[in-house]
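Should a chain be cited, it is by its letter among A, B, C and D, assigned in written order, with residues numbered from 1 in that chain.
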Amino acid sequence: MDVVEFRPEPSQYAWTFGGAAPIREIEPGTVLRLWCDDAFGGAIRTVSDLASATLDPRFLNPQTGPFAVRGAEPGDTLVLHIVDLTPARDWGASTLVPFFGGLTGTDRTALLADPLPERTWIYELDRARGTVTFVAHQGEFSLDLPIDPMLGTVGVAPANREVRSSLTPDAFGGNMDTPEMRAGATCYLPVNEPGAIFSVGDGHFRQGEGESCGTAVEGAMDVTLIVDLVKASAARAPLWPRIENDGEILVVGSSRPLEDAWRISQVEMIGWLGELLGLDRLDAYQLLTQVSLTPLANVVDTNYSAVTKVSKTLVPGLRPLDGLHADLRARATSLT
Amino acid sequence: MDVVEFRPEPSQYAWTFGGAAPIREIEPGTVLRLWCDDAFGGAIRTVSDLASATLDPRFLNPQTGPFAVRGAEPGDTLVLHIVDLTPARDWGASTLVPFFGGLTGTDRTALLADPLPERTWIYELDRARGTVTFVAHQGEFSLDLPIDPMLGTVGVAPANREVRSSLTPDAFGGNMDTPEMRAGATCYLPVNEPGAIFSVGDGHFRQGEGESCGTAVEGAMDVTLIVDLVKASAARAPLWPRIENDGEILVVGSSRPLEDAWRISQVEMIGWLGELLGLDRLDAYQLLTQVSLTPLANVVDTNYSAVTKVSKTLVPGLRPLDGLHADLRARATSLT
Amino acid sequence: MDVVEFRPEPSQYAWTFGGAAPIREIEPGTVLRLWCDDAFGGAIRTVSDLASATLDPRFLNPQTGPFAVRGAEPGDTLVLHIVDLTPARDWGASTLVPFFGGLTGTDRTALLADPLPERTWIYELDRARGTVTFVAHQGEFSLDLPIDPMLGTVGVAPANREVRSSLTPDAFGGNMDTPEMRAGATCYLPVNEPGAIFSVGDGHFRQGEGESCGTAVEGAMDVTLIVDLVKASAARAPLWPRIENDGEILVVGSSRPLEDAWRISQVEMIGWLGELLGLDRLDAYQLLTQVSLTPLANVVDTNYSAVTKVSKTLVPGLRPLDGLHADLRARATSLT
Amino acid sequence: MDVVEFRPEPSQYAWTFGGAAPIREIEPGTVLRLWCDDAFGGAIRTVSDLASATLDPRFLNPQTGPFAVRGAEPGDTLVLHIVDLTPARDWGASTLVPFFGGLTGTDRTALLADPLPERTWIYELDRARGTVTFVAHQGEFSLDLPIDPMLGTVGVAPANREVRSSLTPDAFGGNMDTPEMRAGATCYLPVNEPGAIFSVGDGHFRQGEGESCGTAVEGAMDVTLIVDLVKASAARAPLWPRIENDGEILVVGSSRPLEDAWRISQVEMIGWLGELLGLDRLDAYQLLTQVSLTPLANVVDTNYSAVTKVSKTLVPGLRPLDGLHADLRARATSLT
């Protein structure tokens, strides 16, 4: 396997999906070893670094990439297998950004209420124990939490000539902020532009479902990916991002209101179950009703993201793309 | 412990939360052994029993109860510990009801599209193996699924003189349709009216999160509950339904759009974490952001229901009401 | 015409739609001369009467009624023609209620932000000029505004055994808070329970569309109505409240999110246009697209209310129920 | 005044806001005489031209432009005064596009229901009478409707490096689809990129509020605009599109769900009223509550658009930017 390593200089960060020139062109099958800065570009380092004083809203979620995949054409499926995610700094950060988050008025849910007070939390990483530590501002409470590294953003160039901020999740993936995007997962994305033009970033050392306050335990990340491509001739591309891991298949829908994000993920999963199991639409709807898991991803971004997930154990026979995921897992073994 | 057994005649079913005269008055501490009919009143028995021909929308989700709890006053907390849920028939049923469900136009999401075709699935129960069997209408696919019995409806009389259909979930509980309402769970509900006036029903042999098509594997259920009461003088009543099991604490919010159901469950959980851990509001918001699980309950009912859930293992120290749940678990041991 | 006069004592107020015993039974054709207290029960009288100190949330929107209409059966249409609305006090009041209103967090859009500051405005009525006066708290600004008296609540007993707070709008009418409910309007409501069991209240001296802050210029009102009944045998009852005035026909939909309220009003109007003009569903959809007016009613209540309105001038031939509205207008002439 | 005439060749159409090179650079004060193709690029010409067979979703809402305004910098306000809109063809067209529109499932409100049947309506224009004619497909019904020409899209390059489809409305304006964008209106837009980079298109011969079926009476349009610029040093740019006409000031908010579009328009209007009248935020909230009109724009596009509107007659003293609108009206007089 080709191995490409890339650690961007800050001047090389991309801030959008689409609209940025590719950093490299790579072959399908390439292994990427990347470094990703955190969502804040590393600017939040202590509890006294408050968002409004430290952050520029035009420079959030720096992307590593984009990469062009040789031979990728609209209609193909981009396959990104996450081999490894390792924290690249010894601390993560989370902060309250004025008028951002799930439980405050925002630029969209425009209200007259004052913003919440600003506050920043720094989570020290204990690599040996695999934990980060929450330390309360008021009182003496602190708590070690296991890390569960994930990527907030994984996305391709959007369809229809659009260029979207790296803060946005949609059909092209992007800022989905789902904890399911962890090592061992394979992500399937539709190719909209020649070369797919994908990037990753926004590492989280851990995140609850919903990402309520707007920021997870944000941290720089060393990322190992295997990049692959499924041509349109072999399989129809998904309409919305799909994920597969050893135990489950998943779809991520992103829209507002939240029920529409959920509906998207459900309808896409019904189609997927139909393909994999040979069920008609209504039978797949019924089966999904009784087996679906629906962990939310984020309820804070410009679109909200909801996940529909089905267990391979509960529903045997879910083996997309002739077992490509298992093949990628095997390829990954040689890398770690 | 007092034990009260009750199997309602169809003429005794209640169809509302509030507005129905109590069947019995019971003491706090009473064990209830109840039988609950399924959501359809048992009317859907074969795959040729279609909803529009079989069901009367005024007679869905028959309730067993209501029961009055002696001494319960507004401001108190009603405690319902589910000791056991055992399927009371050898089959469950799920059906597509025209203009009802998450992926069709409805009376609220009013559209011009035609209703989906009608179809009914019957799930045979294998008691020995603890499974129900999904059988597809088209093709040969069938699948055994483990049962995971739960109650769709658990509710008290609403506040503010309202009477709500047994199809509605809200702050009084009701038709929340969450799989978390299984045996071993303790449900805490606010008392709004003297006696609390609670009922249960709508047994599901199993259900996915979201209950997409509108109906789970609906089945009659034998239900064993321990009923208890926490006076306002001992603890402030929750604003929204709370659940506790051996591993987690949970809040169920119900509203539309779905993000508001989620917001309700998050804000109530932030308050609860604050009480239990001594955190201020912003620290609790931050901690919740990193540890929250958010399985949806239903995205089909008159309000949608979302769950926020926190693991007691991940966050030690979550011991509501001085360990009442553990005490109820101990009491339950003697009953089974 | 029978004329019934009724001025309730505070002890006679109803606080719900459904669930209250009728004050009187009246014949179809009766003229009602009523007095309605304001939404606050008259408790907000000066700018220093703040909501949180003055109001009890269980006692808002007192209803005058309910009245039973002899012979009304489910499936019939209740017809309420508003002959006259005259302010019954010389001042109206509007106040900011904590966590209530369109531009603040609420019990549903549950947020962590603080409530807005409380503030009350008193609007003095100048009967001769037909104005109320807005007086700003900060600075010297004041402004005379023409009165445009309307009823915030007009509703019948809900379907399906429910009892709803007088703060709720839904298919039964209720707290729709639309400025279209003014003198000269005829309101058509579905009869759900024998006798219809209707009430009115929540007079507004004037209100903008949306009722943003949650309270209009709330004022006690002298109300003159003609009550009529259309039997199911003569016409199918509307599914949602309809209004007719000399120039327009209107439908009010109430739900959340706001697009669903709008969808309801649009679909009901498409059906109505179809009946009146002999159009099929798609032609009516098309015509409505080019002629619809859509003033919002409220974006603050437990359901939001949206209005779809079509001009009789723009679309000739809109003459519901064989000209009943014109007939009521003629009958009204003799009363004023 | 400089006068620039421009009639694009199809190869010169722009399909996005942002991301396209300017066609011309113009001076503030320039008069533009433009021709705009209809939303379908003229492809729907007869009732047998159905959307799915005729339209390519990548080529809708062709834009005339973009134009760069010399000296425009981020923070400035772009001013577009619509002098005249004259239908440029003798027919308009409206069509049902599968899974597009307010009363059908869509790519976002993803459902399992079938799409609505396809149907196209052609509206013949009678220039002398100023009418277009609706002709029903079923039955004999036809109706002349007065034309009320408007522009569906008026937008600048988005902030934050984004490029958005010409189908999207947002803070940059774009596909707002409000009937308020008629001749005589002045539109104020924030400048996000040097040169502002604005375009117009999507002429409608008339449209109801909400644009329910997804397409208005779409027609090519001759457009006369006066372009002006207000520097940041003279006035703070609006956050969201503002409109002024002789009788009213308006704000257009665009988001989902619809209540958020409304909230945006209300909060921006509260700020505007505050500036113009010297009111604090709460007094402006109160005044708006009693005087606001809220005609919806569209409930069909990728964001929904809601309008908040205040009458200059009802509220004297609304004279933004020292009477710039009146000045533009005067300048326009010499052009027609």
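Keep in mind that, in the parts below, a residue touches a chain if its C-beta (ideal position, glycine included) is under 8 Å from a C-beta of that chain, and two chains touch if they have at least 3 such contacts.
Here's who's who by UniProt: A, B, C, D = Acetamidase/formamidase family protein.
Remember, predicted model here, so these are calculated numbers, not experimental data.
Following the contact convention of this document, A, D is the list of chains adjacent to both subunit B and subunit C.
Taking the mean Cα position of each chain as its centre, D sits at the greatest distance from subunit B.
Each chain gets one centre point, the mean of its Cα atoms, and the points for subunit A and subunit D are 35 Å apart. Taking each chain's centre as the mean of its C-alpha atoms, subunit C lies 33 Å from subunit D.
Look at where the CA atoms of subunit B average out and do the same for subunit D: the two points lie 47 Å apart. Listed for subunit D are residues 103, 109-112, 116, 256-257, 263, 266-267, 270, 282, 285, each touching two or more other chains. The residues of subunit A lying in touch with subunit B in their complex are 94, 96, 102-103, 116-117, 119, 121, 134, 136-139, 141, 143, 145-146, 206-217, 256-259, 262-263, 266-267, 270, 277-280, 282-283, 285-296, 299, 304, 306, 308, 314-316.
On the side of subunit B, the complex with subunit D involves touching residues 103-105, 109-116, 257.
Chain contact summary for the complex, subunit D toward subunit A: residues 15-16, 18-19, 57-58, 107-112, 160-165, 253, 255-257, 260, 263-264, 266-268, 270, 281-282, 285.
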